[in-house]
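Structures follow.
Next come two complexes built around chain A: one with chain B, the other with chain C.
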Partner chain A sequence: MSYFPYLAAGWILLAGLYGLVTSRNLVQAVGCLAVAQSSTYVLLLAIGYRGNGATAPVFSDLPTDAPVVDPVVQALVLTDIVVGATVTALLLSLVIQLRKRHGTVDPEDLTGLRG
Partner chain B sequence: MSRTTRLGLFLTAATILAAALITAATELPGFGGSRHPYGERAVAAGLARRTANIVTSVNFDQRAFDTLGEESILFGSVLGAGMLLRLARDERKRRAAAEPVLPTTRLFGATLLPVTLLVGGYLVAHGQLSPGGGFQGGVAVATALHLAYVAADYLVLKRVRPLAVLDVADAIAAGSYAALGLIGLAQGAGYLANTLPLGTFNQLSSSGLVAVINAAVGVEVASGVVVLLAHFLDQAVEIVPRGERQ
Partner chain C sequence: MSTPDPLGTADLLPLAVAIPLLGAAVLAVAGRRLPRPGRDALAAVWAAADVACLALLWARTAPDGRAVSWLGGWTPRGGHSVGIVLVADRLGTGLALLVAVLVLAVVCYAWRYFDEPSGEHGGVFPALLLLFEAGMCGFALTGDLFDAFVFFELMGAVAYALTGYRIEDPRPLHGALAFGLVNSAAAYLSLLGIGLLYARTGELGLAQIGAALDQRAAAGHGRDALVVVAFVLVLAGPLVKAASAPFHFWLPDAHAVAPSPVCMLLSGVMVELGVYGVARIHRVVFAGAGGLPDAVVRDTLLAAGVLTALVGAVMCWQQRHLKRMLAFSTVGHVGLFLIGAALLEPAGLTGAAVYVAGHAGAKAALFGLTGVLLDRYGSVDEHGLHGRARELRLIGLLFVLGALALAGLPPFGTGLGKAVTEEAAGHWGGWLPVVFVLVSALTGGAVLRAGLRVFGGLGAPPSEHPEVAATTGEGEEPEIREPGRRPPAPMLLVPALLLVGCLAVGVVPGVGRALAAAATAFTDRAGYLTETLGGPGGPAPAAPEAWWTASGIGLGLLSTLLAVGFATAAIRRDPRRGTGGLYRATVLPLRRLHSGLLGDYVAWLAVGLAALLIALTAQL
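Presenting the complex of A and B:
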């Protein structure tokens, strides 16, 4: 099946979303968000992959007409990883503050607003 | 909403989403095919600007303006985490204690710290030539400093990491990316256009503006990650609620 890798990306996305919906712990929920996001890496890299011996798009030791995989999607994955990592850090610091102010990281127990 | 309704709602939505994804996947060009129109154009454009690493060329030349936005997200997140994790009114700092470490672990850290720093610096400097670049190399440099924490303790990490300098370096590097774009404007091309001398292909001085932006991003990522981790480590090691005994 030539579109199996795309379906794998879809499966990872759904698994991450399932974790987000059912999680009883916000740290775990942030982890699930990272899983859901990693599906985009799989999808992008699968789209950029090229058979027939194509290699990384770096020409420092390659002839300039060598077949290479798609560099555009690789650059997008790089963007994705950087943004994902920093947003995860921001969310985790929010969780730390929640734990301090409300004494819990279970989203079901967070009912009222507090300054 | 109860847990069962929420799960039911999710399963319904997930089924529809899965059906849509499967339909979309079957319409995509097959996996590993040879038709990559964007890739081919990006490779041609990167080689024309004498950049050996096409991924870096895409990030810092062909879509440099997008990367400016991404780099601002990085800066904003570091700033946001710093704001969220600052010392609250009902908290105080305690002195971190020295921790016992195995001599072999200490030796490991002392040996690998300079090596990892060098590797990170190499990755940043050769971003336009070999796999790597500002983002990856910056993370490697930041990791190198934290070997001091792994192989010794928090006090040693505090000594090897000049936090005040890195705070400023983060902001200056983030701002300098935006400022570097003005070179293109000054030369009558466009914001962030690559108008610097392109140099010789596959040499350290190749690719014009790409190498400079790459270095700025390397500094920003390295200092940003160290500052970010510093806030988290402070929470774990130093900050305690006021009135609590150690």
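Presenting the complex of A and C:
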């Protein structure tokens, strides 16, 4: 098992966080949050990966002693995707309301709260 | 260990989460057809049902015992399990009970609060409140790290929606976005940490991970870089939720703009759940031989707590937007709770638990009373409201009492909590009680100053300092559409009852004693591990004293006097006088850091976590 998937997960996380820090568009910022989150998918799947020909843990067409990848992390990733979809949808709907009613999606135009 | 009788103690755990979830679904559906009073009554019934369920759970668990519920009957075999577990000890149950009581209070407070659209959206607000309750109760009761993440995100997502509930104003949307982006980013970092722990141990339950790390340590594979990185990542979520500096920036933005009933929950109990999460995860997973040494964790968390407390107190004093002031006071107090939890011993934790209970009453009451101001005058600005609320005598009296409770006046529960925590902290560092007195005096003093100005009209109207871009609190949308009406009875009654609750924590000896036993059982890591994995729990060590001492009363009176002194000095200060050099050198840069920019907040999240990692690694 190489270190490559772990490095990729770290890189995706940093790319997402960098985007969150520098973004001037809230739609993009929410997208960057989703990018940062997808690093968790990569990490979890990398953890569950087993070498020597392990396949998906669907036993309908497999012998019960066939080598399979770890099903637990796959369940975690599914849950994670549901959580992420909820949060992304909710945040995007807030951005839509902001655009509709106040005409901006630039976080630097929001100056009502400081100090 | 499920028992055969129809409603065993273990069955109450999933029920405590299921009742509000079910209630939310029923309200979302039936709310469209019911008239307004029917909806509110239905919400109150569901909230009361959860209070009853958790009170029963509290009554049925022994002071030093735990209730364990393996969902779906997937109990462990030979110490291993693939099931998901809920574990309730008295501290977790107590916190969940606090959540339920506050939700009930908020449902009653909001009885006539919103001019809610009827028809299709009827019942959405109470339904969201119940969903929020389910998330918070689940987080307090779960014994599984991944479930903790899911409940964390559940309460997070509902809280973002509740914060941005009033979309007519850009500020709630701004606050909700800052809240959502920072908290969810932190939650995903936590999930990365959970993944690393799973990779190392193959377990997801708190107790199972802790036991597996210990076994590895016993076999000679002790702590390494992965465990330290996982520790920092897993704690990212709870630390951000707890608004520990420098992760606190989202909190004042969100609390200043959320509807007042929602603020009562956010400040009263949600933020404190973050401290609970830090303490629980550290204690069960990382406090053993395979985790991190206590001394290292203690010093690091103490530093974070002191920084948070001081930043919160200083910023609280600077505010004129009342809700933002109360939000920064929450930051200051959470810093003190974090100090109590960071001592990693029963006495500190006992103090923090009593303090949290007292603070929840006082802070929720203050937010509730501020809601009355917002309702009546459409403003929460200390300067703009100067003297305008003289007519609301009873409300003013309660507000001042709440401010004194924040300052730690005996015999309020906040005073008792502060006394117990600062005595425990004094054993570790003789200077720590100074932090407690100073933070209580500054936060209490700021609120007292605002109360005397708004309700008493004391002092000259303050002048503006244009050098700082401050959040003013003028021009807020009133949350109710009948300006000038008498405040509805629940909006007065609920804050009054909450203050009575805060007082009760300080004067009823049983509360402190029960929480001391709960905190002692909480620190009994071996007992948690064996009892969760199916073994018998051993006897817990003796609980510390949690009652008033002469020094505690003295320091409580001192901080109250200081608060009164600060408030008087601020009111008597000549409004034409400028600001000093010290202010310009220290406070002004700190205020400028609170820029309201989402990018800055995420940058601080990354910087803070890097600092935490460096601080821990340097000490190992």
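Convention: the second predicted complex is superposed on the first by the 111 of 115 C-alpha atoms of A that agree within 3 Å, B and C clash if a C-alpha of one lies under 4 Å from a C-alpha of the other, contacts with A are read in each partner's own complex, and residues count from 1 in each chain.
Quick note on the criterion: a residue touches a chain if its C-beta (ideal position, glycine included) is under 8 Å from a C-beta of that chain, and two chains touch if they have at least 3 such contacts.
Quantities reported herein were computed from a predicted structural model and do not represent experimental measurements.
By the touch criterion defined above, A:4 reaches chain B but does not reach chain C. Once the two complexes are overlaid on the shared chain, A:50 sits against chain B while remaining clear of chain C. Touch criterion met: A:64 reaches chain B, while chain C stays clear of it. In the superposition on chain A, contact is made by A:94 with both chain B and chain C. By the touch criterion defined above, A:21 lies against chain B and chain C together after alignment on the C-alpha atoms of chain A. In the superposed model, A:111 lies in contact with chain C only, and not with chain B.
In the superposition on chain A, no contact is made by A:35 with either chain B or chain C. Residues 13, 17, 21-22, 47, 72-73, 79, 83, 86-87, 90, 94, 97 of chain A lie in contact with chain B in one complex and with chain C in the other.
Touching chain A in their complex are the following residues of chain B: 3, 6-7, 10, 14, 17-18, 21-22, 24-26, 28, 30-34, 36, 38-39, 42-43, 46-47, 52-55, 57-59, 63, 66-67, 70, 73-74, 77-78, 80-81, 84-85, 88, 129-131, 133, 135, 202, 221, 224, 228, 231-232, 235. By the touch rule above, chain C contacts chain A in their complex via residues 82, 146, 149-150, 153, 156-157, 160-161, 164, 167-168, 170-171, 173-178, 180-181, 184-185, 188-189, 191-192, 195-196, 198-199, 204, 252-253, 256-257, 318, 324, 468-471, 591-592, 594-600, 602-603, 606. Partner chain B is touched in their complex by these residues of chain A: 2-7, 10, 13-14, 17-18, 21-22, 46-52, 56-60, 64, 67-75, 78-79, 81-83, 86-87, 89-90, 92-94, 96-97, 100. Of all residues in chain A, those touching chain C in their complex are 9, 13, 17, 20-23, 26, 29-30, 33, 36-37, 39-40, 43-44, 47, 72-73, 76, 79-80, 83-84, 86-87, 90-91, 94-95, 97-98, 101-102, 104, 107-108, 110-115.
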